[in-house]
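Starting off with a structure, shown below.
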């Protein structure tokens, strides 16, 4: 048993609360244990300038964290006048992950902005953001279909993400903040509903690692994202 | 009856949810109708440099709004690289209001940062921030008393805030966003539990107004803040 | 008698010097005692983008202070790379105050920028800016009428502003810097020539205050702005 | 054969030119085909503030690209006033990769800054930066050993990096810019001299991919970094 | 006769008004025709960090222009968030020029900041700033001598500056804005009271020029600065 | 003989390597001794907005320095978020110098951006940038003539630049960094192939200087630029 009192391959309690925003076209409050992220999807009639007249749409993401989402307060990025490298790295990852399962041709001239704002952070904020962001995006597309703006939801699959780590040679699923701090390595996997790979990011934090360890983490991640995809389906009433 | 189906002198449904944050020393999610603000109070052992060795403590506030807190998405201040004038004006107001009922001498060498982050905005975000921020601040001080860091809560009174407006010559209490948009004038009152004035900001939006109208708004505001103070007391179990 | 050797209800020596700029369409150097503000009004043929094709014009204001306008030199905002919250708050107030007496419909497609630059500061820079800014604005409009660009001056009234404060329970008019520092509360009133209220900002600095104190300040403010309006009229030769 | 006239598993011509800088403690101009990166290592006696008195040293990296390193000129980051998210992501990766093979305890109170400046870019700039950066770092440590500042070179292993991609189901090694543009997926592998994994970043650009494809890329990457490590050894005269 | 109705070698009407600021240790409003610059000298007890414990003092300058100092309004640098290259170039020139006649060793641990703010600009703002800045600086030093902080004024000579230009092959002294716009070349000369050269900046605007033309401009400049130095002496009552 | 083991009037070894960039329309790596500058010329079909429809083209320059181009590492301007005053001053000088020998009318609707990036700095980076920038510019124009975009190269002459200094009353040509540090005065001369003056910048660093010293430096500078122009011609095969 791990510090967090979970089996190596078990997720934290996961909860999706859809439609939490009065205004956003799609929204979802996602909880991976004590990590809480508010995801909203905003539909705009205007694509970035480099896509204009291309017949394609676009999906982009922004990420932020409230100053006291963490145990130690961090300075507000707006007050410091710039987003950190970490923030930019995460929001680029969220955007790429969502676009990987979208049919941009079918979204012609529409852009969806997915905002992922971390209300409370206990590890895994980027994976919660991707997984909850997909739900918000799906809800926004549902609304566009209902309004007749789109004929069908332009998503080719689910996308879900989960972290893994290595501790004393053992692979662990869905690290919380304390586990992440002491892990020898950590990894983030973004997978589709059918199990295909969208993104993998693996980093040796304290120790380099082997191909075998990498494959063990992938097995756990697949188990985790299968479970997340199933919860996404329940949340959206898809089954 | 007004557009919002309330009497001229009635508040929107008000709700305080204390202790919503796993990490902050004090926290409160405050709702004025569809306006939702997450307030956290962070205690620091370090005062601003101009107060060092003065034997006084300090209270400061920061304010932010999630990009899709509003009907139209607004750009993220962190991405634009600067806080708007409106944001700075509001956070200065929150800080001054909270300091007006604090005994800074009794807080020696402590600083409390109150973060007010608007999750959803439907008018009155600054008044909700002050009113909920006071609750978060009180909770943080309670914890410091329990820990023996402070001998007593260094607050001399409650502080609560509410907006008023003028529409067709009539004064209205606690405007929502649509009422605010069409008001001839609007005002924000910050009052103490004993009814003393902390801050008044009145602005003619479409029409200048008279001393009488100003006094009518003050009467309503006093009624509103009395009710808010009573809810603050219930929330904190002070009565 | 107060520290400044004036009666509680007396203004400092006030002086308006119109047409001080070789280039600006309207200009005025205004002095409230040792507070000196250079106000210029610049006419542009281009309104902000959100007003385009609306048939309305716009008036906006900017505020700045020379680094050594004050007893202690302050860092140049241009060198620090951002305007302070105080600067933004003041320039927003000036703009709102001037627009409150302007007929924006009658200014179609014109924007006037009023720049208020403080050459020397001894308290009351925002009230001097509003009062002198109105003169510069009026002069710019006179020129546009003379040139046939406008049929009439699109101002519905005068606007003037003055500060008040509370010291030991007594209301004082037009605080200088030292009086302001030690006041229990201070207030800024923006009133029209007919005595209607445009803006009121009241802040408890050291002590909260009562409704009665608020009304005493309003009485003084009205006396002060009446006098300022009369000086505006003399300066412009309106009577 | 691929567009670039190479076998699927062959690197572009690789060249390391050590000691190119008159001033830097260590330096290396590295070429992966037409990608040219100037790497310098600067030794400082001062660690970041959060490491002070920890007895540990630090290695950090910065990355930049000359405006006309690319086919289309890009705007200078210094002129735009901020580094892009891509730049920050890359320089964080370089720093982590180099630290993974460093003994920071043995570097007490020293910081090395590795600057990687891309003079010409034809794909793979981050992998060339890591691989050449390690050479510059090693040279700087050699000098410190020669000067008696360090007893031994505080590096536990080599580190080298290479990109792979998937095109029509086939894995390719060391993509140039045109290959990268049209790849279905791309990946960057950072491996040690002993073959352990330091970082893996895999991204589905046009198509999601399978575990098998991932493993094929890893096989190629290992072949590539073995070759790079062998060239690093030759360059430094280690064998 | 030139467009400005002056002889080729005649200055515009020059006026120095000393001690215009209530607060600054030294101040001077300088007018070169319609160019008006407010110069203030601020004495600080703190030198830049790189001079600490060096036994030397420092003189630095900052330059700014009010937005409507010019025929066309320019955007406020504080609002744009950065000083232009032109501003930085000019303030560096002013600082160097003043330091060239200062005995920094005799100023131990004092820094003087000279702020030159252009209230109205009609060509020659940098030369007026240097010439008036020297007067403000001298006045500040006089005060320090009177207070006993310094034993003597640590200035080794006067410094004064003037522009010249070439128009149709003829050298002209002290160009106004329109002359400057149409000149084939322009030059700024900074000279001491004894006629030694401190700075020369010559630029071919429309036509390159010869050594002879350069020497003609120097002759005019010397005549101009001699006159300026004589006016500086009168202003300060040095003769 | 000087510290650098050269005669007072001798240049350091000068080397131009043309066409070093795979992508730029024109490029040149220029070496003045240990000062190495990479110059690229980028042709754009778009002129600045204030030149649109004027029938004229434009030439502009940007300047940068790698962080470890110098003996002490300097912070990266992109990381600090702004270009220094020195950088802006230099890039404005390079642009003006190149435009002085260009026929902008003959370049209609084309803009050339000349980037000068200092790989290694040992004094004279701005003069090397101008001299090598002219070669890159010429090469870009040759290509445009070859492609038929231009009928002839729109350059009216060569431009070359060199520094001079005064040490113990003697004039020296082409200072390296150490000579520059200890010089009493330094100067930069930009001259055409025919010997006409484009720019002169002279600064008294430690001592003011006389007209005679100024003329001695001009004599040396002319000798230096004649030599540089002759090397430019060889590099381009013009003779």
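List of remarks:
Read from first to last, the chains carry the letters A, B, C, D, E and F; within each, the first residue is number 1.
Simple rule for what comes next: a residue touches a chain if its C-beta (ideal position, glycine included) is under 8 Å from a C-beta of that chain, and two chains touch if they have at least 3 such contacts.
Here the structure is a predicted model, which means the values were calculated and not measured.
The chains in contact with chain A and with chain D alike: there are none. With respect to chain B, maximal separation of chain centres occurs for F (centres as means of Cα atoms).
Once the centre of each chain is set as its mean CA position, chain B and chain D turn out to be 51 Å apart. Between chain B and chain C the centroid-to-centroid distance comes to 28 Å (mean Cα coordinates, whole Å).
The distance from the centre of chain C to the centre of chain E, each centre being the mean of the chain's C-alpha atoms, comes to 33 Å.
Across the assembly, chain D contributes 81-83 as residues in contact with two or more other chains. If each chain is drawn as a node and touching chains are joined, the picture is one closed loop, every chain linked to exactly two others. With the ring opened at chain A and read toward chain B, the chains come in the order A, B, C, E, F, D.
Interface residues of chain F, counted against chain E in their complex, comprise 82-86, 88-89, 91-92, 96, 100-101, 192, 196-204, 208-211, 213-214, 218. Those residues of chain E lying in contact with chain C across their complex are 21-24, 27, 34, 38, 40, 42, 44, 62, 64, 66-71, 73, 76-79, 81-83, 87, 113, 115, 117, 119-120, 122.
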